[in-house]
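Sharing a structure below in structure tokens format, with a few things to ask.
A, B, C and D label the chains in the order they appear, each numbered from 1.
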Amino acid sequence: MKFLEHKAKEVFARYGIPVPRGVVASRPEDIVDPPLPCMVKAQVLVGGRGKAGGIRPANTLDEARTVAGEILGMNIGGYTVKQVYLEQRLDIGRELYLSYTIDRSAREALLIASALGGVEIEAVPHDQIFMEQVPVLVGPQPYIWRALLRKLALPKEIGDQIVDIAWKAYNLFRKEDAELVEINPLAVTRDGRVVAGDAKLVVDDNAEYRHPEYATLDQDRTPLEEEAHAKGIAFIQLDGDIGVIANGAGLTMATLDVLNLKGGKGGTFLDLGGTDDPAKVAEAFELLLKAKPSAILLNIFGGITKADTVALGVKQAIDVMHAKVPVVARIKGVNEDKAKEILRGVGMFPAETIEEAAELAVKARRGAS
Amino acid sequence: MAVLLTKKSRVVVQGITGHQGQFHTRAMLDFGTKVVAGVTPGKGGQKVEGVPVYDGADEAVRRKKANASIIFVPAAYAKDAVIEAVEAGIQLIAVITEHIPFHDALEFQPYARSKGVTVIGPNCPGIASPGQAKMGIMPNRIFRPGDVGVISRSGTLTYEIVNAITEAGLGQTTCIGIGGDPIIGTNMVEALAKFQKDRATKKIVLVGEIGGTAEEEAAAFIAKRVTKPVVAYVAGRTAPPGKRMGHAGAIIQGGRGTAESKVKAFADAGVPVAQYPDEVAKLVATA
Amino acid sequence: MKFLEHKAKEVFARYGIPVPRGVVASRPEDIVDPPLPCMVKAQVLVGGRGKAGGIRPANTLDEARTVAGEILGMNIGGYTVKQVYLEQRLDIGRELYLSYTIDRSAREALLIASALGGVEIEAVPHDQIFMEQVPVLVGPQPYIWRALLRKLALPKEIGDQIVDIAWKAYNLFRKEDAELVEINPLAVTRDGRVVAGDAKLVVDDNAEYRHPEYATLDQDRTPLEEEAHAKGIAFIQLDGDIGVIANGAGLTMATLDVLNLKGGKGGTFLDLGGTDDPAKVAEAFELLLKAKPSAILLNIFGGITKADTVALGVKQAIDVMHAKVPVVARIKGVNEDKAKEILRGVGMFPAETIEEAAELAVKARRGAS
Amino acid sequence: MAVLLTKKSRVVVQGITGHQGQFHTRAMLDFGTKVVAGVTPGKGGQKVEGVPVYDGADEAVRRKKANASIIFVPAAYAKDAVIEAVEAGIQLIAVITEHIPFHDALEFQPYARSKGVTVIGPNCPGIASPGQAKMGIMPNRIFRPGDVGVISRSGTLTYEIVNAITEAGLGQTTCIGIGGDPIIGTNMVEALAKFQKDRATKKIVLVGEIGGTAEEEAAAFIAKRVTKPVVAYVAGRTAPPGKRMGHAGAIIQGGRGTAESKVKAFADAGVPVAQYPDEVAKLVATA
């Protein structure tokens, strides 16, 4: 679950991390009493807002409304700006970086910090980055803060504030089931206060049940992906034209890869998972059809999942949707013959191997177009 | 021989009375696994497929000398179940459950480690040693005893590859589905070390995918420590950055975790990488 | 640091563990408004108060004062009762047991519970005791409460209260650096409430710096032990007559053991530790002399500690105190000859081995008596 | 040969600039120990006895390839120091510091274990492998290389016994002072297992004391798994119940931890128990 800046800052504030005052608005006329002078910031779930002109200053109420009006409705990285955040402008002396994420290899939390903030951390020279695993079973120990301060080489008053914020951000990271807590820039004002200039927060989708209040957050999903999410289906829209559906995330990825090697391009990632309930398969397949693929590549390895009941679901969806799209299927495993039989009835192209299926799908599409 | 799971392993099924638990208890018994007990709180005294059910893992250990556990309980209770198993004295745990918050795994994984317990998963198909025992959800019929060790982050894709290996006339010592989550118990390097040490294993297959740097670490380890031939496959070559490809761990973020990087690492380590899943079996046969 | 019942219950209450209302008094006339009917309970740091007549009921203010007057000043297990605790009398239906301590072998916390409370847990049959390690790095997990409730076989309403108390007691155990948190009896009243009938709390001495508020608690020390504690000297009074002093806890214990095997009995355990500062040795030795031993057995293994500077301290103390007590010394290690020389000047009996020294000490005492 | 600590061990001293740290750095160097670095926050860049001081353990590992650490920092900072060492990649840690709250040890001990790190102590004299290295505070001159493995909960009493062994013309492979606290890293059973495995160790001496059940567990382990002769001593036969005899762990509570119980357990396991400390060397010589 990704958080818009102002939502992330709400959470930051709850944990005692200093954030500038700000107000959200969806329409210029809703802006009544913004903190002035302010920054008007586009609220979208992608980076690069500044470069795209989505972050601009305003000194008066009128100016704020004008700027907001210009930013609202902008397209940034494919996303339409629906909200702006008007935030007290900081008199920034320097910009630092601080984040928590996970170190998969060490199976620990990972603290990253740098004295060079305000730019993407990937752009910061390696030797300017402080990176330290935080053992979650015992939490951060003082040595981590000492090492952090040595690396950042900051005056004590600033250092103490950084450690305080680093502690609070760690608590947030743990208690909110965060995947990412990023403060960039972590701004040091000219009068010596340390404030979160920006706020990025991503919470583990799997932990949604522990944070039901986040379930309603807007996510960067297409309408179809949103529909899939609501139905609990693993579905992603891609920029190709061939609908790919398989059972298992790894197998679906592999099918997309094979398609690509054969000159095609996947338009969907649809993982049926372990289900062989025809109704659920039909539901998933209907989603796929709504994405208007030029052809469909179905790849089922029926290990425990029964191939024929999957096929029944596919047939049902095609029938219901009166779909004319060519379906190439490669089905292997339990009841594969029955499955092929069922799919032949709806005009499926059968294939023996994934490679063959991919080739057929590419051809079928060409034929169709 | 096999790694981690053998015919001597005495398996308890945590969450045995659920749909999955029941189904796979039957399948594991059919595989020849010594499933000695099940656990479902409040259902002690029942039987599932002839296997006695207890209220707690400690009873399964005390009464049935269980030393390995497979966990099917819902995600919200998985941390509880793993720690219960560890404290009961279980030595090997396969966590099948998917959608476990990784902050839970950040706790139970090092905790299990502190007690010397091996965890496989979560979000994994388990582990199978053909001819000996299976503690997982892989289909029984794809396996055959042999000399190939299989390590995989994925489920169905592994079945494909294992099946192809079997159809090519080869077989497996053990197949470890290490899981698709970002925080997993036994990682590729540790699994590789087990197979390198196991005398019965002559060749090793690695099935990786995008996300994280497990494959790069595995490649470095192979270059330094593995003398047996290794064949790899990496899923997700066409996955776009920032999109989570089904598995919680399968995502390219900030330029890390790309398939290119993994394929290159394997190539640098002298490990042939199959372009197509079906190609793996061929490469293994000639390795 | 041991806690009197009423002090322990103060801490319990802070953690939300239900305790009866109560008031403390040092004199009958200070009792003004006790909860009635009440139990008047002697506040001493030893068990067996009930059997000794230190816990008695009272129904009226007058009765409470009379009973308090009788209990105050009593001697229970060698301790004079200086305070009573007048506590609301509970209408107890049954008595359970709950405690947290540590499992050294497992290096974990240990939860012990029983449906048979109100007696010493050592007296409860083994199969009636629930004993479960609590992994402190992850804290108690639900399976522990399930197992606890299975074992205790209590109705749900009671069980839920027990789990709540067990959680709170665990938090107390961890946050207060407790060695022991014991609730015995954990009383179930006839109207179905679960209340801590008694409260035992021992906090790790080594954690005193984290809990400075506990430093002033009365401990069961003799005046000399209290003096030693204040000076940071490891000193214990025993019921023998020969003062034993050595460097290192293990060596001091071993010296006491050897003395015993040779027919003597140690009157003190005095561990000099690693110090060879003559002033500190003198200070320790003076304490020993204040215990009026019939003889002193000094055993020094000078590994890194210099034997001669230890001897200087001993000489200084004897000079200052004008002590006439025979000192038998076995000194080994760095500068042992110098040390012997110094001690000969104050009439010391030298010995080569611990055994010989012990024999000499027993004889010296006999000669002295 | 020796256990845990050898001449290859590269030692960092945490708390090197303190009085104890300085003194024992000298003594350890004299013993032949490879003391490669020291750590004291804020004092990086200094030298102590020619040993470079760093601000953090990670630097000592990175720059000097330290793989073992001895900790002298005050009790309140010991948990921090241990975890810092573990995270820096140190493999063996001896915690000399006494008076560490045991609730801290309840955290850092399993944590170190989860990373596969061996901790000795706290509140211990450390570890010495005569002729190779010492990471501790035992006096150098009491040791001599030989074939006796020594395990002890105590400090000075161990010096007595080791000294007597040396004076009897024997010597030691390694002497492990496991510490006098209730929660220690390496316990008697684990130390016994190390000596049983070590080919150079022919005989084992155990110095126990009252409190806990470590000696009873050691006796049970000896009966089952130790084939080498073991000699034991137990301090505190005359200690009264309820009184803590100096060490935080040396206390008889609720009837548990008595010397009688320990002596009986050793006798039942066929382990001769010396009545007098001096007797240990004689028993070892004839064992």
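The rule we apply is simple: a residue touches a chain if its C-beta (ideal position, glycine included) is under 8 Å from a C-beta of that chain, and two chains touch if they have at least 3 such contacts.
As the structure is a prediction and not an experimental result, all values here were calculated from the model.
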Item checked: Pieces of the assembly without subunit C, by contact -> one piece
Next item on the list: Quick one: point me to the chain whose Cα centre is farthest from that of subunit D.
Entry: A
Checklist line | Mean-CA-position distance for subunit C and subunit B (Å) | finding: 51
Note to self: Can you work out the whole-Å distance between the CA centroids of subunit A and subunit C?
What the structure shows: 58
Item checked: Distance between the centres, which are taken as Cα means, of subunit D and subunit B, whole angstrom -> 39
Item checked: Junction residues of subunit A - those touching two or more other chains -> 135, 137-138
Next item on the list: Could you tell me which residues belong to subunit D and also touch two or more other chains?
Entry: 107, 110-111, 114
Notebook entry, point to check: Is the way these chains touch best called a line, a ring, a star, complete, or other?
Noted result: complete
Note to self: Please output the residues of subunit D touching subunit A within their complex, sorted ascending.
What the structure shows: 41, 55-58, 77, 79-81, 83-84, 86-87, 107-108, 110-111, 114
Notebook entry, point to check: Okay, in this complex, where on subunit C does subunit D touch?
Noted result: 102, 104-105, 107-109, 121-122, 135-137, 174, 177, 179, 204-207, 209-210, 234, 236, 238-239, 246-254, 256-261, 266, 269, 271, 274, 301, 303-304, 332-334, 353-355
Next item on the list: Quick one: which bits of subunit D touch subunit B in the complex? Just the residue numbers, please.
Entry: 110-111, 113-116
Notebook entry, point to check: Once bound in the complex, which stretches of subunit C touch subunit B?
Noted result: 132-133, 135, 137-138, 141-143, 146-147, 150
Note to self: Which residues of subunit A touch subunit C once you look at their complex with the stated criterion?
What the structure shows: 137-138
